[in-house]
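Look at the two complexes coming up: chain A is in both, with chain B in one and chain C in the other.
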Partner chain A sequence: MVENRPWLNFLAHAVLIAGVLAVAFPLYVTFVASTLSFKEIMQVPMPLLPGSHLVENYSQVLSGGTTTGSKAAVSHMLVNSLVMALAIPLGKITISIIASFAIVYFRFPLRMFFFWMIFVTLMLPVEVRIIPTLQVITDLKMNNTYAGLTIPLIASATATFLFRQFFMTVPDELAEAARVDGAGPMRFFWDVLMPLSKTTMAALFVIQFIYGWNQYLWPLLVATDESMYTTVIGIKRMIVGSDAANEWNLIMATAILAMLPPALVVVLMQKWFVKGLVETEK
Partner chain B sequence: MAAVSFRDVRKSYTPELQVIHGVSMEIKDGEFIVILGPSGCGKSTLLRMVAGLETVTAGEIAIGDRVVNNLEPKDRDIAMVFQNYALYPHMSVFDNMSYGLRIRGLSSSEISERVNRAAEILELKKFLDRRPRALSGGQRQRVAMGRAIVREPQVFLFDEPLSNLDAKLRVQMRAELQALHRRLGTTSLFVTHDQVEAMTLAQRMIVMNAGRAEQIGAPLEIYARPATTFVAGFIGSPPMNLIPRDGKLLGIRPEHLEPCAASDAMLTIDVDLIEPLGADILVYGHIGDRDSARVAARLPADAKVQAGKLAVRYAPGNVHWFDQASGRRID
Partner chain C sequence: MEKRVVFRSAWLPYVLVAPQIVITILFFFWPAVQAVWFSFQLQDAFGLKTQFVGLQNFTALFKDGNYLESFKVTALFSVLVAFSGLAVSLLFATMADRVVRGALAYKTLLIWPYAVAPAIAGVLWAFLFAPSIGIVTYVLKGMGVDWNWIIKGDQAMLLVVIASVWKQISYNFLFFFAGLQSIPKSLIEAAAIDGAGPLRRFWTIVFPLLSPTTFFLLVVNIVYAFFDTFGVIDATTQGGPGQATNILVYKVYHDGVKAADLGGSSAQSVILMVIVIALTVVQFRFVERRVQY
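Right, the complex of A and B next:
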């Protein structure tokens, strides 16, 4: 749409600026709060300019958590979160790409049945099956382990479906040409399909990294030991008792730390991410 | 290089759905064979059975003296060129051409020697580092052929390789294919629905219709003596005129009709369409009333024609007769 009317321009920008402010202001307040001392943050109204306790607050949470609530070091939580946020997308991509390869390129009995089984689980979010899953994990004594934290979240119908859709757009002749060239199925998978799926994998990685990083309910149930807390759980554990008892400055510093890695992944992988979602070139 | 034989080759997907009804043929070593037919006649299926991409339901296919029915494509010593080229999009031209060789474990010096030789023949040397998407249609086609050449196979299989090219490029690639075959002398099977490609490329051709080989022979021989009305109607543009006469079908090629005085007329065409092509003029019309056979004539460029009655005659030697029920040629 090409229109040149000044007041429309003004309106458009006003709406955009208002939107940005609405999104950015809470983040700004979080940041400001993370730089104040406990005393300053308890004033009403809270100061809206950054204070002088930035280094102090962050080193406190990174090494020793809060003083009144959980004392687990956030640095360790960040490592836990990172393990979870990496294991989930990598596991999901690995399993899904192999599963879709089987479904699209091999004819075996009950092929469509298995596909639909996978597809049906799309309709069941983690929360629906969380109690039985927890039971299984507990029986397997996988509470408070990285395996228990990640394995139940790895199986993914969405990713399998996405790869299947992508594989179906790859021309059959490519598989046939590879066959004539003497490439066996695994060689074709490795040499042709994997490189072609790179952008799809990147897009999935970004989405699933954030999904893994932001997991709340499942780690809350499985990670009961302090050493297994993820950052998101860590924030929850820092909040104890009444409002005045919480060290909001430290909690906000942890919140900022929790927000940075996903933002970083999105910013760094943005180009690939968009490509993976819109790319049609085969 | 090797001979290829089809021995009563059949293909069916289900017991009811048979797509190839028994094709038999001996292809000599080094021959260029074109499989010609309309879409859905089973020509690609036949080729894919030679390649090993489709199973053979009954009969035998032999390459050289080996029956290859149960061999994997890679063990058949064939190379195939696909209609949409099927180049690996993420590999450079060099990698596309050398992929099969690398799988077979050739030494890298041997690989680069073969690829460079093929690139030389196909004038692809400049493009070896490029990705397929950075190439034009004709160049991609050449890469696909290069991929086949470097394998130095017993048999080349071409599945409508020129049909994605524009008209001018197609003519050019046709000539290049011919030159290539002269140079390499490899047995080739070439599937097409384009009769011009078939006529110009083939040493012998198979005309297929509904899963049957209607006629096998040299192009000019087939043109001069079509075995069935299908072949008569499929080859030649415009196709042979088929006129019911005395319970049989009289076949006469459009170029064998010549204008004459009304008193000498062997046919009178009620002309309703005139197409001057420069080199000659195509005239279309009916003989007799509207429902009767439609007839085309190819007249010299200087012929004076206009809509209305046109008297034409033909030499008796140029007439073909076909059985009306079976469509078979009567000699």
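Right, the complex of A and C next:
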């Protein structure tokens, strides 16, 4: 703080508190809505204090979804979301770390060609190649499989760059010493590079966990079968029509369940999250 | 930059890059090439015969009023999302940079929406603004506003902008906050000694020094508004009412998947590809400049 201006400090706190409340307001209403009965939620205005149907609503959606919209059990969707949220970061980290190891620590024909190939994928998001990619998935019979949901999303230019950048900062003496001691490239990779890359991997994992959990367009195309719905897709399928036809109390309970795991990851692993966010954007 | 010390092996590096390259070819390059190829073709109504038609799909697109309208909608949407998102986040970040007590608590409470999927953000706000039962609708009615985004285009646009901005505030906030903290305090102190007030210091020192961050965030937010808001649109307005929120990405999806217009949708994909390439080039040229600072 440069100088003491009490009114300005007051203003700063006031703006921040207003901001925090405005940002949290939808979450609060969602939570309240998830504890009300269908009848209570249909009142105008709806109650703004939590009701008594919390356990009832959550056990209903976990076991049987909604009654007017999708009847798929949310517990199963949570498992599907978790598979995506774990398989995507693990897959991305694995294939990116070995690819950047090859590009940094070896000289071989086509090395830069491969590097540029990986780079160009940045310019080809799913949205610009929807139908042909779906065609490939169908040809490989990967519709409605975990492989189809995850493998096409694990190629990653950003992760490859991140590891490449990190490997460039690893002192050459380490590789030299490993060679003098008679260690082969894979031995060096496992015993030296992997332990050094831990923090980078942790940061990437947190960001990619959220990325995997929140996927929308891709599962919408690939997971057409109820048993493969992720939680985010499941919510969409519960909304069937006008306000009166939607069981908003159950939809909101599902929304809370869909938000909770990634939100906990952000809040509890804030340090890794911020590191990952800042570094993947470089 | 190259490593001086390298390992030697005739086959190992190829094995190591293989998984990444195979996935890249299979799910990125091959589909992208096909999208370009399809965009020059016309399929008959039954999908049995295709015919090479050159640029006909593209000329048809640019004569199609709906497509041109979708361009306008996308431009308006991304400008609204980028500018209001940046303005609000910059305000919060400036305030958080000023407070001594509780900065970490404020930060934690402001960044969690990053974890919310765009589609869920859309659902939350659609519920708050629901025409008959929404709590915000109730308040607006009390103030004499006739709120119904299901039938009013400008209100539907406002809804998707609010949902998209709400989700993106956390991201912008973190980058602005980091940017503010890296501005040397001595500069601001010197200005304060010279008698410059807080507002003047902000506009003449802080804001110009923050411009690399602002520009970076502007590009990121435009990319976000173009592509990542698909979930917001699909979970709320689905492009409606009419064409009011039919952004380019949603139209590609709708025409290709729902309406099964292969050629037209592919031509739109190719145009989007050009836009992404342009945005990526802008982003990278800027990043390179930032590294030199």
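Here is the rule we go by: the second predicted complex is superposed on the first by the 266 of 282 C-alpha atoms of A that agree within 3 Å, B and C clash if a C-alpha of one lies under 4 Å from a C-alpha of the other, contacts with A are read in each partner's own complex, and residues count from 1 in each chain.
Simple rule for what comes next: a contact is a pair of C-beta atoms (placed from the backbone, for glycine too) under 8 Å apart; a residue touches a chain by one contact, two chains touch by 3 or more.
Everything numeric in this text was worked out from a predicted model, so none of it was measured.
A.B. asks: So, does A:R187 touch the first partner chain B, the second partner chain C, both, or neither?
C.D. replies: first
A.B. asks: Which holds for A:N144: it touches chain B only (first), chain C only (second), both, or neither?
C.D. replies: Neither partner.
A.B. asks: Is A:A258 touching the first partner chain B, the second partner chain C, both, or neither of them?
C.D. replies: Second partner only, chain C.
A.B. asks: Regarding the shared-chain residue A:T68, is it in contact with chain B (first), chain C (second), both, or neither?
C.D. replies: In the superposed model, A:T68 contacts neither chain B nor chain C.
A.B. asks: As a test of reading the superposition: which chain, chain B or chain C, is in touch with more residues of chain A?
C.D. replies: After superposing on chain A, more of chain A is contacted by C.
A.B. asks: State whether A:R179 touches chain B only (first), chain C only (second), both chains, or neither.
C.D. replies: Both: A:R179 reaches chain B and chain C.
A.B. asks: Between chain B and chain C, whom does A:L196 touch in the aligned arrangement: first, second, both, or neither?
C.D. replies: first
A.B. asks: Look at A:S37 in the shared chain and tell me whether it touches chain B only, chain C only, both, or neither; answer first, second, both or neither.
C.D. replies: It touches nothing on chain B or chain C.
A.B. asks: For A:T158, decide between first (touching chain B), second (touching chain C), both and neither.
C.D. replies: A:T158 contacts neither chain B nor chain C.
A.B. asks: Give one of first, second, both or neither to describe whether A:P125 is in contact with chain B, with chain C, with both, or with none.
C.D. replies: A:P125: touches chain C, not chain B.
A.B. asks: By the touch definition above, which chain A residues appear in both interfaces, chain B in one complex and chain C in the other?
C.D. replies: 176, 179, 281-282
A.B. asks: Mind pulling up the chain B residues that touch chain A in the complex?
C.D. replies: 51-53, 72-74, 78-80, 82-84, 86-90, 99-100, 103-104, 133, 147
A.B. asks: Using the touch definition up top, name the residues of chain A that touch chain B in the complex.
C.D. replies: 171, 173-174, 176-183, 187, 191-192, 195-196, 281-282
A.B. asks: Okay, in this complex, where on chain C does chain A touch?
C.D. replies: 1, 3-10, 12-14, 16-17, 19-21, 23-32, 34-35, 38, 88, 91-92, 95-96, 98-100, 102, 106, 108-120, 123-125, 127-128, 130-135, 138, 166, 169, 171, 174-175, 178, 185, 188-189, 192, 198, 201, 216, 220, 227, 230-231, 234-235, 249, 252-253, 256-257, 262, 265-266, 269-270, 272-273, 276-277, 280, 287
A.B. asks: Note which residues of chain A are touching chain C in the complex, please.
C.D. replies: Listed in rising order, the residues are 1-3, 5, 8-9, 11-13, 15-16, 19-20, 23-27, 29-30, 33, 41-46, 48, 94-96, 98-99, 101-108, 111, 114, 117-118, 120-125, 127-136, 151-152, 154-155, 160, 167-168, 172, 175-176, 179, 184-186, 188, 210, 213-217, 220-221, 232, 235-236, 239, 242-244, 248, 251-252, 255, 258-259, 262-263, 265-267, 270, 273-274, 277-278, 281-282.
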